[in-house]
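Next up: the structures, one after another.
Shared between the two complexes below is chain A, which has chain B as its partner in the first and chain C in the second.
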Partner chain A sequence: MDLMSATMQGTTRKRPASTSRMLKALAFLAPAAVMILIFVFYPVLRTVQLGFQNFNLFDQLNVGYNGLQNFRNLINDPNFDRVLKNTFIWVFVSLFFQFTIGFGLALLMKKKFKFIGIYQGLIFIPWALSGFLMGLVWKWIFDESFGVLNDALLKLGLIDSRIPWLSNGNWGMAAVIIANVWYGVTFFVIMILAALQGVPTEMLEAAELDGANRFQTLFQVIIPYIRATLILIVLLRIMWITNFPDLIFGMTQGGPAGRTHIISSWLIEKLTLDADWGAASALGLMTMGILFIFTIFYLMATRLEKESGV
Partner chain B sequence: MSKLNSTRKAAAVVASLALAFGGISAATSSAATAAADWSCKPTKAKPVTIRMIEYFAGPARTPLLNAFARQYEQKNPGVKIDLISPSQADSPAKITQLIQAKNVDIVEPAGAIYSQAVVAGQLADIAKQFKATKAYKYLTPYTKQMAEQTTKGKIYGIGNGYYTKASFVRADRFKAAGLAIPKTWNDIYNAKSMQKDNQYVYAMRGAAAAHSQALFIIHAHLAPNLNQTGLQTKDGKSIFATPEAQTAMDLLLKIWKEAAPAASVAWGYPEMVKGFHTGVANYLIQDNEVIQIVEENFEPYEKGNWTMAQIPKGPTGYSAQFIGAGGLWSITQSAKCKNVALGFLDYITQDPQHSAFARAYGVGPVTTTAANDPFFKTGAWSIYAKINADPKELKFSGVRGPKLTACYGAMYSQLDKDMAKLYTGDLTTTQLLKGWADGLGKADCID
Partner chain C sequence: MWNVLGKSGKFTVLGIWLAFTVFPIYWMGLTSIKPKREVNDLYYFPKSNATLDSYRVLFKDYAFGVFLRNSLVVSLLASFIVICLGILGAYALARYEFAGKSQVMLAFLATQMIPGLIALAPLYLLMQKLSLLNSLSGLILCYVGGQVPFSTMMLRGFIQRIPPELDEAALIDGCNRFTALFRVVAPVALPGIAATFIFSFVQCWNELFLAMILIDSEGNKTFPVAMRSFIGGYWIEWGSLSAAVMIGIVPTVVIFGLMSKFMISGLSAGIVKG
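The block that comes next holds the complex of A and B.
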């Protein structure tokens, strides 16, 4: 028996064991794969198909492919520009305040003080609640006639007349962003706190020995050290906020007259109120396109984080 | 060549036989399925589950319907009734989705859903079977008439209550301001002098079904020049293309801006009702089921601080409204056990079930026994006798042909969005009316 045939025989002998391992692996993977196929891939494929169809539940006698018509209709819709502008404002204004407040709170929570457990518990509450439910709660807080906010401001003498929080487009955007800042701060606190706890104490002690003050330590030691994590969570949050219509739908349903719609809340309106699944799917595909750009940045940031070893 | 011809002939014979048998088989199978749909025999061993979805879910009616379902299940072993109760905002889409998915047996197709589902052949014609039920015998003549009027002898729905619009008025506040209770739309506008901080005259509706407000005031300005569709004048033109509609909408916008809360741009049904019973608005146009809500959340009618009035009239002294079985139950074409579904509807449409339902939920009764109940003739309910007796308050059946139905269904959500745009200044009344007249008055929409 030469070496070749021995090797061949060895391989042949090993094959049943490896096939069996493969089958086992497939059997374990199958349930998850089937679930993903049904609940992720099928809906995505169906969305792509619907995006190119006239499919309105209230117009079921005229269902069929209509090419790019859904996309044209959306782009020519007078609300389209406003929705894009609102989405930009919603994402970046919310993000700025969520990040700044979240960073500040994370720095505070890094220090040990009395009742820190209760404080941490309170900070993390919003993260455990449903966005839509919180939207309804904030809706009543901001309600012009029945809301607690106007009552409180009037009683404190800070305003003379009730602010039309949810019935005016500008006030409406301000109201939903305030609610979103409240809701999203927790995410940054959790993530930044974890990153801060990873900063080696030796580095901080060295900075102190070198005579760095608090600001210098923060901006020249801590932030550079956790920079990759910060970039990563900011990008992640951009994608989440873009895709977070829950609060808006709970508070204003995009109103008045579409003034507070962002791209994802507009999608929900197309889907539920208009029952226009074709337009909603086309809008979904456009959203996917926008988020794909951020996904590329996110993947690049993930590489950066791995390289920096944080 | 001849071999080829004979092969072709043979193939043609086989194909035609296949088609013939296929056709016969399909027809037989279809007839058999139809018969099977009406002859289910549920047993404990082979139970039948009936899925039913309501449109107007709420605390006053959903527990009652569930209680009826449990009673019926006890009396009919092998039958299970699953009641689905979405929020009213989600009802249209949810019901339409379930009908589309052929995953529901009984639906409450209110709003634009009923006509669209009839046109699309998604609801079963139950005329023959329903007329043989006990419930049918005790329906009021009007209910029987309404059941068939729209569909020429076919019956696609069983009424479960009447919704009639009336005005809910804070009598105490009008009295304190030295004002009479408004009888016209102009009176409502002129009552703005009574407004105080967070106390407005009119409970406007700017969110879902906001366009109903436009219909009220346009009807009041056009009546009696209206046909039964409620969307056209007697000569078949769109009501939105008339000068009266322009006057009416200009007045409505003034009322909205000057005599209604700004927040009402986001008010749907629950908010406007709450607006009235919390005292933010002094005048509300709503259906009869709101009587119970106001009594529970504000105070009993007998105390006299709130009263009921007819809806406001226009310059001609007329007003108009749709009075049909706003709520009705239909059996879907896809229901596999239609006889079982009808059995449950027969049960809940009979008294004492229906009477209990109408009293608890506060809808006008559909049975003769319940209609004679003094409860529906006294107190706040007494207004409906006045409405029925008033020849200058027109009642429409809302009968529309398939073309107008399709156009109205397609524009339904746009009409509400346009109302909000009117308030925010994105549309003028003239632009709004032109859009509505173009959308609903075009040749494709005239039956």
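The block that comes next holds the complex of A and C.
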């Protein structure tokens, strides 16, 4: 992770670390560190414990270790395969459109134009909004009978009958992904635009002098130059989208009949509706495990690609 | 330079995206000012019978005033504490060298890889032990813990851009490290502090799941939790619901809109969204 190590190296001038300086530094750091230990790292450990326990919120007297039972129950759950498949579709289809649209918009916004500040401010809006509330907004837009989308599509003559957006599993997945693309493009515009502005103009001028056309410039000069940033933001975004049940929670609550659940919205359901905190924790651990393994392969794959010079 | 589409093509594409971005909010706003019996009527522009009745209902028949106040209190206090702790930590990470520093930084960054959802059950049990269930202070504590790592890293970035000579001059003038930080460094880093504060505020303002699990009395509900019970039934009254959504999103839209330039540079410098 080039960017991360870059952030870590950019520290101040080195000085011999005396004990008193170190104590001072620790005193400054202590309050933040204590909060993080209690509210971020301790919960991770507790989740590991809960994941191997029989733990129902309303039956707290009957708590005990049950080995891998929670994991077995999850894997044998008839919903499990579909939830995994939905998560995979949700993450990669959303990511594909967020990335390509975000990249395209960033390229168009690279050269400053009049009112670019206002434009940026406006397309920046989704970032500031609650995923849950926007889920409600999209639920209203996708409403089968009174939703504006079906109405507009009918009036434009693009469909003959109303699409059952939220009462059919496949249309439901399409609907939540459309909303998610709406929500997440901003992130890529901002990050990619910042990266594009770091590409030295001399490199672009040189490419132009060498007779490179626009696509050659893009794929042979610009993308290789911002590659490290792209790899990192895509990875962060994959993790983030996986753990983003808010939109789905607002739009479909995983319905109809669990058809639009992804792993994280299913976790919320286990936590709230079923009050089965052992299962919810096991599911959380599985998510972390899958993301961890994915990250290792992802980093290996992107590194290999670099070495072979593609 | 990079422009296959030509100028008009470029602005058409940008315009389409802008319309797509703004439309859902426009539509919600329009629904919220339609008279009750016209909520399901599909007309696309406001008519002269537009009304604020849907908004009035929220404050008259429901306690949305209380929910908004709770959200405001929680978000403001949590963000304020986050900034205080964050500045101290950021100063240590920006200005001191010490053994184990890179491990500490790594731990801060690693928090960004941990899904917040897995903390829900443990934090409930922790608050249960501390007798802080169903209280705004418990919620504030949890939010502070969740926001501190990212905010500290973001603030560190801003403090690093300030030359260390500035604090050294203050030390010679008789400040100690602590007063130098708050009297000299913090004022210079104020834009960065404001960006971090807003970022943290918006995160807290929008947070649903933790609040939903920790809070169960009507009087302590934050805005998103209230919205969740508001849609609880099978039947949704879209008129007042859209008004409520508008109330929930307008503050963050306004703050982010006004400060967008500022936030964009701050956030892309911080790399990650928490």
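Assume the second predicted complex is superposed on the first by the 265 of 310 C-alpha atoms of A that agree within 3 Å, B and C clash if a C-alpha of one lies under 4 Å from a C-alpha of the other, contacts with A are read in each partner's own complex, and residues count from 1 in each chain.
Here is the rule we use: contacts are C-beta pairs under 8 Å (C-beta built on N, C-alpha and C of every residue); 3 or more make two chains touch, one makes a residue touch a chain.
This is a predicted model, so every value here is computed, not measured.
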Exercise for review: Report for A:G104: first if it touches chain B alone, second if chain C alone, otherwise both or neither.
Suggested key: second
Practice item. In the overlay, answer first, second, both or neither for which of chain B and chain C A:L209 touches. Key: neither
Review point. Once the shared chain is lined up, is A:P43 touching chain B (first), chain C (second), both, or neither of them?
Key: second
Check your understanding: Can A:L158 be said to touch chain B (first), chain C (second), both, or neither?
Key -> neither
Check your understanding: According to the contact criterion defined above, which of chain B and chain C contacts more residues of chain A?
Key -> C
Exercise for review: Figure out whether A:D274 sits in contact with chain B (first) or chain C (second), or with both, or with neither.
Suggested key: first
Practice item. Classify the contacts of A:F146 with the two partner chains as first (chain B alone), second (chain C alone), both, or neither. Key: both
Point to revise | Which superposed partner A:N168 touches (first chain B, second chain C, both, neither) | key: first
Exercise for review: Considering only the touch criterion stated at the top, classify A:L61 as touching first (chain B), second (chain C), both, or neither.
Suggested key: first
Review point. Which chain A residues contact chain B in one complex and chain C in the other?
Key: 145-146, 271-272
Exercise for review: Within their complex, state which residues of chain A touch chain C.
Suggested key: 3-4, 7-8, 10-15, 17, 21-22, 24-26, 28-29, 31-33, 35-36, 38-44, 46-47, 50, 101, 104-105, 107-111, 113, 117, 119-134, 136-138, 140-141, 145-146, 148, 151, 182, 185, 187, 190-191, 193-194, 204, 208, 214, 217-218, 232-233, 236, 239-240, 242-243, 245-246, 249, 264, 267-268, 271-272, 277, 280-281, 284-285, 287-288, 291
Review point. Across the complex, what residues on chain A touch chain B?
Key: 56-61, 143-146, 161-162, 164, 166-169, 252-253, 255-259, 271-275
Check your understanding: Mind pulling up the chain C residues that touch chain A in the complex?
Key -> 1-5, 10-11, 13-14, 17-18, 20-22, 24-25, 27-28, 31, 39-40, 42, 44, 84-86, 88-89, 91-99, 101-102, 104-109, 111-123, 125-126, 141-142, 144-146, 148-149, 152-153, 157, 160, 164, 177, 202, 205-206, 208-209, 212-213, 224, 227-228, 231, 238, 241-242, 245, 248-249, 252-253, 255-258, 260-261, 263-265, 267-268, 271-273
Revision key, fill the gap. Note: in the complex, chain B contacts chain A through residues 90, 92-93, 96-97, 100, 112, 116, 119-120, 197-198, 206-208, 261-266, 274-275, 278, 280, 406, 409-410, 412-413, 417, 420-421, 423-424, 426
